[in-house]
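Pasting the structures here.
What follows is a pair of complexes built around chain A, which joins chain B in one and chain C in the other.
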Partner chain A sequence: MRRIVSIAGLTAALVLGTFGLCTGQNSHVANAQEKMPSIEVKIDNFSFGPATLTVPVGSTVTWTNRDDIPHTVVSTDDPKTFKSKVLDTDEKFSFTFSKAGTYPYFCSIHPKMTGKVVVQ
Partner chain B sequence: MHPFDIRTILFAKHAQHVVLIHFPIALFIIGVFFDFLGQWKRQQLLAVAAYYNLCVAAIATLPVVVTGIVAWQWELEGQKLKGILLMHLVMGCVSSVLICLVWFIHMRTRREQEDLPGYRLPIEAAAVVIVALTGHLGGFLSGVNG
Partner chain C sequence: MTEMKDEILVDHNHDGLDRRGFLKCMAWAGTGALCVMRGGVLNSYSMSRISEIGALDMTGDLSFVQISDSHMGFNKPANPDVAGTLKVAVDKINGLSKAPEFMLHTGDISHLSKPDEFDTVDQILKSATPKDVFYVPGEHDVLNDDGKQFLERYGKNSKGAGWYSFDKKGVHFVGLVNVMNLKAGGLGTLGHDQLEWLEDDVKPLTPSTPIVVFAHIPLWSVYPEWGWGTDDSAQALAYLKKFGSVTVLNGHIHQTMQKVEGNVTFHTAASTAFPQPAPGKADSPGPMKVPAEQLKSVLGITDVNYVQGSHALAVVDSSLA
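Our next item is the complex of A and B:
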């Protein structure tokens, strides 16, 4: 009887421990997500808005094409840090900036469309 | 950036396409206009003017097609096109073929010293419409018609 109680107690402890660990991890992930929100850049009327964006390291920037015309998002450096495919209306492209620095970019279909992400 | 700087001109990549496209469009449309006018007024001189315009238009399509494909390959890395870009590519190719076909009909007729065939007129009219639509799509893509 004592053995059964011991096994039951151990199992309960294991279950509770595992549950606690999972809950802890979730809250950790949630905290990380709270710290690093996804930031949106809107592409509309042949311009990036905002044209200059300042974000903390580790942020994910999402570009959304709200224009009627296809656009791309391409960094100006070589080799390219990021390069999207052609984005049709309402299509999105995301990139996570893991290093500090200034990342100028442009639309390769309309090179006069330029923007900049400053990662601090 | 200087407009007469050779590096700017040569390395403008797909900007060349946007500049060069105006030549075949203008030459072809005016060539067809002269041909229709020559047919209506029965003036040989207008037919000759039409021929030379169509001739230069056909030659001018070559760099336009090349720079268009280069723009696709360089700027978009040859990725699969869809939507307006695909429509512009397909209609651009059809336009180029039609411009060359119209020129070929005129060239062969002159070489054989025959009268220009009547069937060329609907082909020319259809070609003008397709060229205009392709140009409109190109203008839309570049933001001029947007």
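Our next item is the complex of A and C:
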């Protein structure tokens, strides 16, 4: 699973790199990539870490469940902006935030687990 | 454990327990030094009857067994063989001196709501002497499909998300669902529709009718910090106030605990799969790993006996050791 993700990442980098070469903006793209590391939220011990995450518009956030118990990642709004399937141990969920705002979310199985993503 | 030396001070009933020892025992249960000691068996009786209970009382007019949290599909180090321990639980049930008339399963039948997980549990429970099993869902049984599969399998004669009631030998049983539509930051929820149904369901009953309520998440506030409670349980209990004997059986917390409040005895059952830490005694309520040789001593079943005319039901937890 991780291998597939990293190959996908490489492909994206290659495509972007090619695009950059064509338009002469290679260095710009490379800088942007350095500034946008993969943004991760870890689920550990029935909590989201970090519980509050601030990211720029357009960021993709990936949650990884590192507990022995399944969890979900579900926004608290209605209708739901994002809603993961049940994540078993080591499973991941990603969502790209294209609009600024504050996005509170929780685990719908263990609702005491809450977090929020602030998109600026 | 060496703390047993002061457990039995006065054994009035020659049953191996006195009130003070029992209360201390329950305090341990509440604080988590696990009461599954003394050959791995904890005899927990309803507190209101503790002074009068005797061995004879344990053979009553109605006997049934509660099992909980089998988490079929779980395969982490805390118990890589949850099918094996469920089978041991069934053996334990089949070995009870008086065959129970039916079983209650208080939820988390499966770990991930997968069809084959439910199938495996159904298959294992077929070898139990009691043929009827009454289920309520745990949060692990209603993943991804809002409980549709659970209802199709176990909720044919139920209302709403799976609640129902039935009568056995004059005892009124109520199965409640408190694992659906959970709100961010909240606890278990019964919800308005179910509460209304409960009010109507018990209205025609006489106050002397013994009531057994069973649901997955505790209907009393065990440890809200870990979500071990139900937001609107007070409303449900208000509808049960008029009854002289109410026994509330829950699961979810993977350890035995008991509390008495007026005429209501609250009891949580052990899991058949893996133990969880005592409230606040770990960073999280996740599965607790114990040495393999101790695992069965922290898993268990609950045997419940009702003697007609008695005030309360006798609840006996037995470990799988």
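Of note:
The rule is short, and it goes like this: the second predicted complex is superposed on the first by the 83 of 120 C-alpha atoms of A that agree within 3 Å, B and C clash if a C-alpha of one lies under 4 Å from a C-alpha of the other, contacts with A are read in each partner's own complex, and residues count from 1 in each chain.
Quick note on the criterion: a residue touches a chain if its C-beta (ideal position, glycine included) is under 8 Å from a C-beta of that chain, and two chains touch if they have at least 3 such contacts.
The structure presented is a predicted model; accordingly, all values stated were derived computationally and were not measured.
In the superposed model, A:Ser47 lies in contact with chain C only, and not with chain B. When the shared chain is aligned, chain B and chain C each come close enough to touch A:Asp68. When the two complexes are superposed, the chain touching more residues of chain A, out of chain B and chain C, is C. In the overlay built on the shared chain, the residue A:Asp88 is in contact with chain B and with chain C. Shared-chain residue A:Pro56: touches no atom of chain B or chain C. In the superposed pair of complexes, A:Ile109 makes contact with chain B and with chain C alike. By the document's definition of touching, neither partner reaches A:Gly101: not chain B, not chain C. With the contact threshold set out at the top, residues 46, 68-70, 72, 85-86, 88, 108-111 of chain A are in contact with chain B in one structure and with chain C in the other. Those residues of chain B whose C-beta lies close enough to touch chain A in the complex are 15, 75-77, 79, 81-85, 140-143, 146. On the side of chain A, the complex with chain C involves touching residues 45-47, 67-70, 72, 76, 85-86, 88-89, 104-106, 108-112, 114. Contacts from chain C toward chain A in the complex involve residues 76-78, 111-113, 139-140, 143-144, 182-187, 224-227, 283-287. Those residues of chain A whose C-beta lies close enough to touch chain B in the complex are 46, 68-70, 72, 83, 85-86, 88, 108-111.
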